[in-house]
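Read from first to last, the chains carry the letters A, B, C and D; within each, the first residue is number 1.
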Amino acid sequence: MATSAIIFYTIAGVMIIFSLLAVTSRRILRAAVYLLFALAGTAALYFMIDYQFLAAVQLIVYAGGIVVLIIFSILLTTHINEKLEKPAPGKVFITAVLTLGGFVLTVYTLSQHNFIVSDLPQTEATVSHIGEKLLGYGEGGYVLPFEVISILLLAAMIGAIVIAKRKASDS
Amino acid sequence: MMEHVPISHVLIVTSAMFFIGAYGFLTRRNLVTMLIGVELMLNAVNINFVIFDRYLFPNQIEGHFFALFIIAIAAAEAAVAIAIFINLYRNIRSINVEEVDKMKY
Amino acid sequence: MILIALIVIPVLTALAVMFARDARQTKNLSAVGMSVQLTLSFYLLYLFLKERASGNTEPVLFGKRFEWYPGLNINFDIGVDGISVAMILLTSIVIFTGIFASWEVKDQFKEFFASLIILATGVFGFFISLDLFVMFLFFELAVIPMYLLIGIWGSGKKEYSAMKLTLMLMAGSALLVVGILGIYFHSDVNGTHSFNILELTNQNFSIEMQRIFFPITFIGFGVIGALFPFHTWSPDGHSSAPTAVSMLHAGVLMKLGGYGCLKVAIALMPEAAHELSWIFLILTSISVIYGALGVIAQSDLKYINAYSSVSHCGLVLFAILMLNKTASNGAVLQMISHGLMTALFFGLIGMLYSRTHTRIVHEMGGLMKVLPFLSVCYVIAGLASLGLPGLSGFVAEMTIFVGAFQHPDMFHRVITIVAISSIVVTAVYILRVVGSLLMGPIKKEEYQHLEPAKWHEKLATVTLIIAIVIIGIAPLWLSDMIMESLGAILD
Amino acid sequence: MSYVVLIIALPFAAFLINGLLNRKLPHRLAGWLATGAIGVATALAWFTAFTYFFQSTSFEKIIPFQVTWLRFTETLQIDMGILLDPISVMMLVVITTVSFMVFLYSLGYMHGEKGFVRYYAFLSLFSFSMLGLVVATNLFQLYMFWELVGVSSYLLIGYYYDKPEAVAAAKKAFIITRFADFGFLVGILLLSYYTDTFDFAAITNPNHSAFTTMTGSSFLGISVLTWALMLIFMGGAGKSAMFPLHIWLPDAMEGPTPVSALIHAATMVVAGVFLVARMFPVFSFHAPEALDAVAFIGAFTLLFAAIIACTQTDIKRILAFSTMSQIGYMMLALGVSGYGEHGLGFTASMFHLFTHAFFKALLFLGAGSIIHAIHSNDIREMGNLRRHQPVTHIVFLIACLAIAGIPPFAGFFSKDEILAATLNSSLVYFAIAAFTAGLTAFYMFRLYFLVFWNRETVYEHKPHESSFIMLVPMIVSAVGSAVAGFIPFGKFVSSDSQPLHIEMNQTVANLSIVVAATGILIAWAFYKNESPLPEKIASTLKGLYRIAQKKFYIDELYLFITKKIIFNLISKPIAWFDRQVIDAFMDFTATATNKVSAEIKGLQSGQLQHYAYIFLSGVVLIVLIMIFNYA
């Protein structure tokens, strides 16, 4: 077994286990931390396939941004020591059957499909390269989606502020 | 570096992650933890894009962009969602999903 | 070009109204817009008559075609004949007076005026379009704002009425869609299907097809024309609607039914019309008598007028079904005449209600003494309604009766006599109302000091009365204009 | 002769001015304006009559003015025009003259009333419509003005609109005449359906080809033409208050008295007679059955109304019933008349119409003068008025003598011709006519003696003679009533426009004088002084008297039909049906939809996770199906 395979399976194991923990843990703050680990595992995977920039973004935005947001919201809405109640066993059962069924189906479909793995050499995904393409307006340029996403983010930001803002009458 | 790992294995991992996220979304009652499930699902899909790019079209970098955009959207979504949660919590002192059903009419 | 202006001006007015600063500006903008519209309608009349005088005998004048959705051969086809010109005139008069009659709307006035004008836009569009699809589109545009107008600004059990009215009209629309699509898919103009009325007129649809789609289309339009037994939306709807909406609705919107029946159902499917007209003749004559007799038991002014509208609009459909030019001419005249006088009625009822705060006839009395202007106008409206010579109602009713009586069939003549008997009943209920509402002693002390008519109320009523009198005294030009267009439809 | 248009246009102009400027016009000006307009019209009418009758040798139909008003089909159209022939010229004179008298009289009678200007506006409208009616060139124009006349009558009866009785009376008058007009309209339609024209020139031409078709086809055993004419006569009967459509006329007396004089005595109510006279050639040649009906209705009303008149106590109602009775004479005369040389009845009828207009107008004006003086309509509250109102007394006496048929007053001549005409036709009709002549004399002089003689009544205000402006028209009318009988009417007006030579039938004349004198004598005996005799007779004839006094309960019958049957058995059920059946069905559709949707709504729990479950299950299911399908 090659080293890379060992590393991959380790990362995969970490991701799966922490994902599972994240959705089952009854302590909500822990759940958030497990999510962080699962996301970090993803970043590791990206590093492993030499997508450093993406990995960095993954870490910064997901781990640094979203998880922190989630933790803030937890702190704002829940007591730290409070344990979440157990989901009803029946519900757990049904959900488990449903998701497992979905998983099995997916795996079955995957197994039926023959992926043609390309032999072509991998292109360098350097930061500058990505940056040029992202802001390029020629063939294969992504400036339009980029701008759209910018506006979306702006809108989301304004929206978030407006929604979360206390109304004058509340204070 | 991934020559020894077949693509299907990676995909099985991501789909496992996706369905774990779905499981979380379906069983949890706290909105924040449901959001955690959603993030997991998003992340799983994200990995798929990257992996397809890596395995099937290594000469292109479009997969990067999808991943990047999804991350950006996920961030936006999380921000808005959390803003809604906080507002909701402020209004009904709870972020239990079962108590949020006023919009059905 | 002038036709496009007829749609554009109301749309612009409605937009402008949305940006108005205050109530005053809103009203002024609406009034100006609708005055322009009124002037334009008269200009259209002038152009039309000039064109006809110069010997242009095209069935449709000022036609224009804009391709819209070529895949289904839908075009924005517009053009007018004498009937449409007459109806456009009616509409612009009624909406013009409607604006003045709702001068004192207080709540959400911007939205009110905008919806009102949008409604009128739909009606204008309906009358000028030659494409069934576009026609239907405008039809819906006219029906939908009605829901809001009644539901929000109405009175009494307004939600119920608005819902009922909209649902019943929508049910009619649903039938209409089926009818229109049936016509469309059975048509064959140079290898494609067509929505264009002019092209469809030359189609010879098979009698089997007509037997199915004539009743569907006729009932579809008949619902909005208050065809028995699909008329019950009318009394409730009218009684709950705010003044201007009742005016516009009874005055113009109900006429879409008659217009549609004439120009679509009968013009396109004449054989089935001949074959099946007897069924609908029975229904419409029931409308006529039933509506008239039904009035007698009512005591709410708006209900009274609504039932009388059922009777009068029944007469419109009745006349159309006689399938001859004279009767159809009468039908169009009746649409105009009834439009004017019912608008006058509803306007006056609104004005009285705003003063006495009741619409129950026997709670009022002797208003002639305290509100002479409005009362005299009410009497004139009543006299027009019962068909006094010199006012428009007489011209219309007589044309219908004479036309209907020219039918060679015994059945048709007998049923005409039945319909004629409604004029007696009409006289009964009109005089009952006039007698107990306006004459006699004053019933309540507080009615001694009612506010006399204001300038905008006077403007609205006088405009309508002038129109009624002009048609009543000199009907020849109008009748000839309509008659000449009917030739293309009925021959 | 196009100046004839002015005769009609002038009152209309007066109506417009008075009507539109209502409140802004000073009373005096408005009154004199309208009176002046009708005065000029009267002068023109007399001038027209003069030129028409004396300056041309033959009495042709002249149409000096005509425009198309509305076109129904290529052939069928309504014209507005003026048709001059002997009867329309005669009517022009009658209407303008009586109108002028009444306009003048009203200046005094209505002085100081609040709605003075409105009154003159309506009065002018009436004159306009009535004039338009008689000069109509076609049946439809006649119908239009017929309706206008009805409305102006409605407006004038309801002049005192705050008096509930007046409002009810106005309503009743309009509705009953409207009902009659329904028949009239159907008749017109029936006639025009076959003849394809409304024009009198064509319709009254007995040789019109359509009439053969119409007499040929029959409905319920009666020829279509007879039906049409009967229906048209129904319209005439309504307006002329013939039995059984008469009940509105007595109530119409709620209007101001000059209005009663003009509309409900002299002009409008004879429109029915005019209508039958207009259509006379057709009646006479093609539908003798219809003419018989006219005669029968006329004779019946004649007697019926006279009997009721003997029992009434309201001065105006007595006159109203007398009007009905006199119109009955006219109808009867028309009904028994032949055509051409045998057209004595026709001429007599028109002659009676002419003279009646004068003396009946005079009676009403006199009654107005009395009512004006003592503020009451009830003859039991009057008495010995000759002392207080000498002029009124004299003119009233002249009118009474005229209506009773005492020579040399006008009524004698015309009534005598009618009697002669009935004698030519049937002895029964003659007997009725002659008997009623006596009855007429009796009830008129009952009225006369009760009002002007009898006991001295104590009045609240001392009655005074009316003002000069009221007396002038009365005196003029009195002169008319006295001398109008000497006009050789047959020379001018006859059924075929050829001069008709009329000789007085000496026997009939003598008989009629004797009968009339007997009536007067009985009245003198009963009522000249206070006497218990009338009471005694009334109590011996108890039931009969009561029935007559209650006008044979016809009103109650109508009331029963309208209130009980139409309202309770038709209108109310319709309202109920509308609410409970049609509406309920529509509502049921709506509620059913609502119910169903409420049931389905349960699926929409609002629980986010339920939706997610369903979504995920759906996806899994679809994928499963796809896999099995493609496998």
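The rule is short, and it goes like this: a residue touches a chain if its C-beta (ideal position, glycine included) is under 8 Å from a C-beta of that chain, and two chains touch if they have at least 3 such contacts.
From a predicted model like this one, the values you see are computed outputs, not experimental measurements.
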Would you pick out the chains that touch subunit B and also touch subunit C? D
Quick check on this structure: which chain has its C-alpha centroid closest to the centroid of all protein C-alpha atoms? C
Geometric centre distance via CA averages, subunit D-subunit C, whole Å: 36
Round to the nearest whole Å and give the separation of the Cα centres of subunit A and subunit B. 5
Please tell me the distance, in whole Å, between the geometric centres of subunit A and subunit C computed from their C-alpha atoms. 63
Centroid from C-alpha atoms only, then distance subunit B to subunit D, rounded to Å. What do you get? 93
Two or more other chains touching the same residue: where does that happen in subunit A? 95, 98-99, 102
For subunit B, jot down the residues that touch at least 2 other chains. 22, 26
Of all residues in subunit D, which are in touch with two or more distinct other chains? 613, 616
Chains touch in the following pairs A-B, A-D, B-D, C-D
Would you pull the subunit D residues touching subunit C in the complex into a rising list? 68-73, 76, 140, 143-145, 147-148, 151, 154, 158, 161-164, 166-168, 170-171, 174-175, 178-179, 181-182, 185-186, 189-190, 192-193, 566-567, 570-572, 574-575, 578, 582-583, 586-587, 590
For subunit D, which residues count as touching subunit B in their complex? 601, 604-609, 612-613, 616
Per the touch rule above, subunit B residues touching subunit D in the complex are 22, 25-26, 34, 97-98, 100-104
Within the complex, which stretch of subunit C touches subunit D? 163-164, 167-168, 229, 231-233, 235, 290, 293-298, 325-326, 329, 366, 368-369, 383, 386-390, 394-395, 398-399, 401-403, 405-406, 413, 416-417, 420-421, 423-424, 427-428, 431-432, 435, 438-442, 475-476, 479-480, 483
Touching residues on subunit D, where the partner in the complex is subunit A: 613, 616-617, 619-620, 623-624, 627
